[in-house]
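Here come two complexes built around chain A, the first alongside chain B, the second alongside chain C.
Let's look at the complex of A and B:
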């Protein structure tokens, strides 16, 4: 009798092949930027392969997240996947709209963040390889702890042992110590559930390697300050995040990727080459960039208006390096990194001050002409800072454009409507 | 005949529930007393009492719109904080000497951020609420209680001793006991009060000095002793959900034959179903334990969903309910997903469940009534 393959495993296999295909294709390009971007596909394919190999060999693999110290799972050599990545990756899946609609039929509110709804869908419908343990991330928004309550409640993942580091609200020393202790508890949990042991020397190595990545990322972001900006929405930004926080955490080939990116960009900046031929408007996209349908309006923005996304929330680099000479500082550094450096978490988690500080800093550092707030429907806490953001922009003298969209669902505000909004806005401020 | 119609005690409470500044609160202020508003039922109000301050649970009773607040929030924010901010910007909360915020949900924490920037209130403090209720979180919250106590002591130049906190806990528990006695009457076949009246009584308890409230409630309980209500309802209902402070909403439900006999809301049973430990060595730890772990929780706390379902099922059985209404404010992610799970859990228990999205203000009730009516009919009542 043959047992049917688990759907999650099947889709990971498909992903592995698909991304390997993207990678191979990209390497045939004459354009070195396409080749650098293409390597990300290789990293995704390899990450899928790591999970599939563990599955085939009957070894444990876990769920972890970009903001709950993935350096620790890496150092423990435990393969990890991130459930929450599913809605972001699903953009390449056919029938995404149908999946979103199905979440409504399941009984989830349409005003719930689509990322949360989709993650719930993936768990309830058993579409992701089932891990041996779950590290949950129950911040920065109300949706995340609810997702994890559903995980516990579900028939598919409910039996899996789960540990969720508990997040404090502020970023003072007391909070960092508290979260550092949560990460220690998380490590003990992982040791118990997987049998792996954490070697502090190995953790130090991983952290040091990831620090190298962050330093290179910082260098890259300095280069993005140039006028014209060497890259737009298509390169850098979220890719740097994906390499350093998801697919190549503390890995040498991740560092090498960053080095490549920096070298290429340096050359471009030296020659004064920008992302578009004539850069006219420098945009700061203050949230996640839309998955999937970004290609339906960003190239138009660049071509039609010379409007370039110089910085975005996931490309924003607030990471600080970690003092590895002291064990406790490693824990504290990881705690700070998870809670107060990682994108989305950093902005959405604590008081509005943090949010505004980032806005002001980026507008100044990157000579931003227009702050674009997509107003993602799921981000209730950001909706609640709408007035504060607008006032901050007014004080800075920079136009503030709000779109109101669903970054996952192109039907909420369609690419055509988005284009229309941009055209009117630019005309209104006299730059169109 | 409605037994509350001739009750002076009930009339006093009804006035308190239908206004912001009720006569008791006004008297308190006239006597030099100070008032602190707080933004969620997980804020330990006993600390305000211990400091000699009057705790006022924030609500936006009397609000008619959100025009001013709409410059700060968007239409994807819960209407509760929007109405609160609007009233604050109109100056309706000038009777508050302080406001204590908390990260109980994304909308509420942003209410605090906007309040802080735009409303001139003397004392401001924010509590960092954990997302779970284990031993480390209880310790954390104990520390938060300590920090709140110290901030109050400093700002209001009062000394708050452990014995003051103990006395406040005792007084608050006394009120809780009376409220439970009131709820016990609702188990009867013909309860002497309906759901609308019960909510009036509960809301009043969040807006006047506890001594005065407890005295009023004792009197009312004596008046209700042995009295039977009408009994001409079609179905006995329980309401679960978050902020529900508007008796008019319950009135609409009851107008089509549903009698609300109990609830799991945060102006209702979740406030008082449990007492705080009066004997604990550290009263601040007792507060932390109560608010995080012991009392029936809200979905804000991760590790409590199973307990919440058990609570709902038990309440339902104890009060002989025919069905449950799960009310949820629009754009509340916590209650949305909670209801998604509760729906499945109650189906397993064979308990009919109706989910209702609502706005903070009860305006047009036509659709609500139609849905409740259909729900009652679907139960064959």
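Let's look at the complex of A and C:
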């Protein structure tokens, strides 16, 4: 075992304790919503513990991704981590800007998506435990294959066997069949590299539990249609994603978390209680939330303007349940979910028409007042679809606000610049 | 309803009209009726305002919050377990559509308290002035977000999954009212529509799936029309952004390969559709 590997394990141990601490603190709150949100910290801590336990016991663990059927690794009982989560989790620790600067010192171009740069940084600096096998995630953008090229050249990760399911471009039936077959190949790879076997009955159970989570997520999302919206940026959307696709995929305690969330929210909606005292503007944040400075920026939006993020890219729910009566349909369902439904992939890969429909439905269903187009610097495809989305908003008669920012790096477009832009925009459309 | 002479009408490009699908839907209704499925027909003719006066619920923007809580549900339509199929067909030959006709194949709402019914909804509209630019707007209008009191459309791409509230059901809300509301909304918002009829199928998952086969075929035309509409607005994702001659372009080989693949895929898709259709005709 190398020193660098120790660093990754040490980092996970610190995470485990830190998130357990967040959880304990949250459970002291009298506010049930804080307690529900806090359970996510417990899930993260448990996920870290699963990897650490596997490491200590000398059992294999792998890298998998939210969009390459994590249900399969769960059903095979293989502990898994997601390298790509690193930059998102890093926002909860200090020194994010320093990490980003160091990626520059490593020679990575500043025009490369910060999430990918940071993931590379985590590999090169050995900040993530080294898995026994890697399921690659080479879509939806050009940057993702680059991350995997770096992995193959890494001193500590380079020797790890890797399988990258090949994603077809189009979103039709033939593509689903193709990707379903890729997932079968992926399973064979996992069986070979870890010795675990996939039991289809167990996969069926995981998928059905996962479906229960998705149905509850849909129920919850529909509650966000209420005026005023019961929750803003602080609870819901991205958390639902994290529970169902990262930390509690097909787990009963994830389902219970969703059930609690729905119960609490129904109560709030019935009482007509909103996220803010006086909701004035309902926003659709058409990208990842500004992770790097979310706690500085979002409360300002809510307090200053009564502007509530009612829906966002990760909170969007286009998911359908999977037909578990037939084995092939299970594979196809998982393929569809990973390839067409999961966030970022849904928006960035394939023809833009599908997501125009999402945009239009979201604006109508959630009574959106303003569509915010953050234009994260790494999401190059947003430059290509920008005009189509703006046109769709014009037709709907809903204002469309273009920012252009780095959701991680506060120095790219600073929070103050963004605040200024919002203030002028809201004044311009007569709601500020 | 008169039979269309051919798939293509007026100046619509080949394969870009739904006339044959409209006829297929009519045939399916006849077949289901002949197979003993209970069928009811109502008529809701006249101006949108007049139609709305007779309804037990409010209709129009903001008539509903867009939300019905679980405990307030009278019935669910088109859940993933039960099966669902939304279908929107339009034609310039308005005489193909019997104006105001609302057809229900299967059980009605009032006798379905607590049920989760399969749900097929076909909206067919006719109007000489309709054109491909209306495709997206028409398709979207099927999903009335907050315009019918006590009726909520759930978010599920590719399907129509809805809830009927207990309170509105108590006031007599049924498929006749839903059909009339849809007619009023469509005609009120798109004056180009001259004739319109609505079909609901609740008789079983298999029946809804048969409707799904027609919808699948129609969706190819719908997608093509939507693409054309975007092109007409100046957004062509397939357009070349390199402004020099193809002959001297380093990307030419890639472009040619992509075109070839797209062509092959289209041919394969059409062949699969034809095979499916032939199989159905044999069966």
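FYI, the second predicted complex is superposed on the first by the 426 of 432 C-alpha atoms of A that agree within 3 Å, B and C clash if a C-alpha of one lies under 4 Å from a C-alpha of the other, contacts with A are read in each partner's own complex, and residues count from 1 in each chain.
To be clear about the criterion, a residue touches a chain if its C-beta (ideal position, glycine included) is under 8 Å from a C-beta of that chain, and two chains touch if they have at least 3 such contacts.
Because the structure is a prediction, the values reported are computed rather than measured.
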Fit-or-clash call for chain B and chain C when the two complexes are aligned on chain A: clash
Which superposed partner A:266 touches (first chain B, second chain C, both, neither): second
Chain B versus chain C as contact partner of A:397, first or second or both or neither: neither
Partner chain(s) touched by A:227 [first = chain B, second = chain C, both, neither]: second
Which superposed partner A:430 touches (first chain B, second chain C, both, neither): neither
Which of chain B and chain C A:321 touches, first, second, both or neither: second
Which of chain B and chain C A:58 touches, first, second, both or neither: neither
Touching partner for A:170 - first (chain B), second (chain C), both, neither: both
Partner chain in contact with A:360 - chain B first, chain C second, else both or neither: second
Touched partner set for A:352, first chain B, second chain C, both or neither: both
When both partners are placed on the shared chain, which of chain B and chain C touches more of chain A: B
Residues of chain A that lie at the interface with chain B and also at the interface with chain C: 170, 174, 351-352, 384, 387-388
Chain C residues touching chain A - in the complex, by the definition given at the top: 65-67, 69-70, 80-81, 140, 143, 145-146, 152-159, 223, 226-227, 230, 233, 235, 237, 265, 268-269
Touching residues (chain side chain A, partner chain C) in the complex: 170, 172, 174, 218-219, 221-223, 225-227, 266, 269-270, 317-318, 320-321, 351-354, 357-358, 360-361, 364-365, 367, 384, 387-388, 391
Contacting residues of chain B [partner chain A, same complex]: 71-74, 76-78, 81, 103, 105-107, 109-111, 113-114, 117, 126, 128-132, 134, 136-137, 140, 143, 299-300, 302, 305-306, 328, 330-334, 336-341, 343-344, 355, 357
Parts of chain A lying in touch with chain B, wherever the complex brings them together: 106-109, 111-113, 116, 120, 136, 138-139, 141-143, 145-150, 152-153, 164, 166-170, 174-175, 178, 181-182, 185, 348, 351-352, 375, 377, 380-381, 383-388, 404
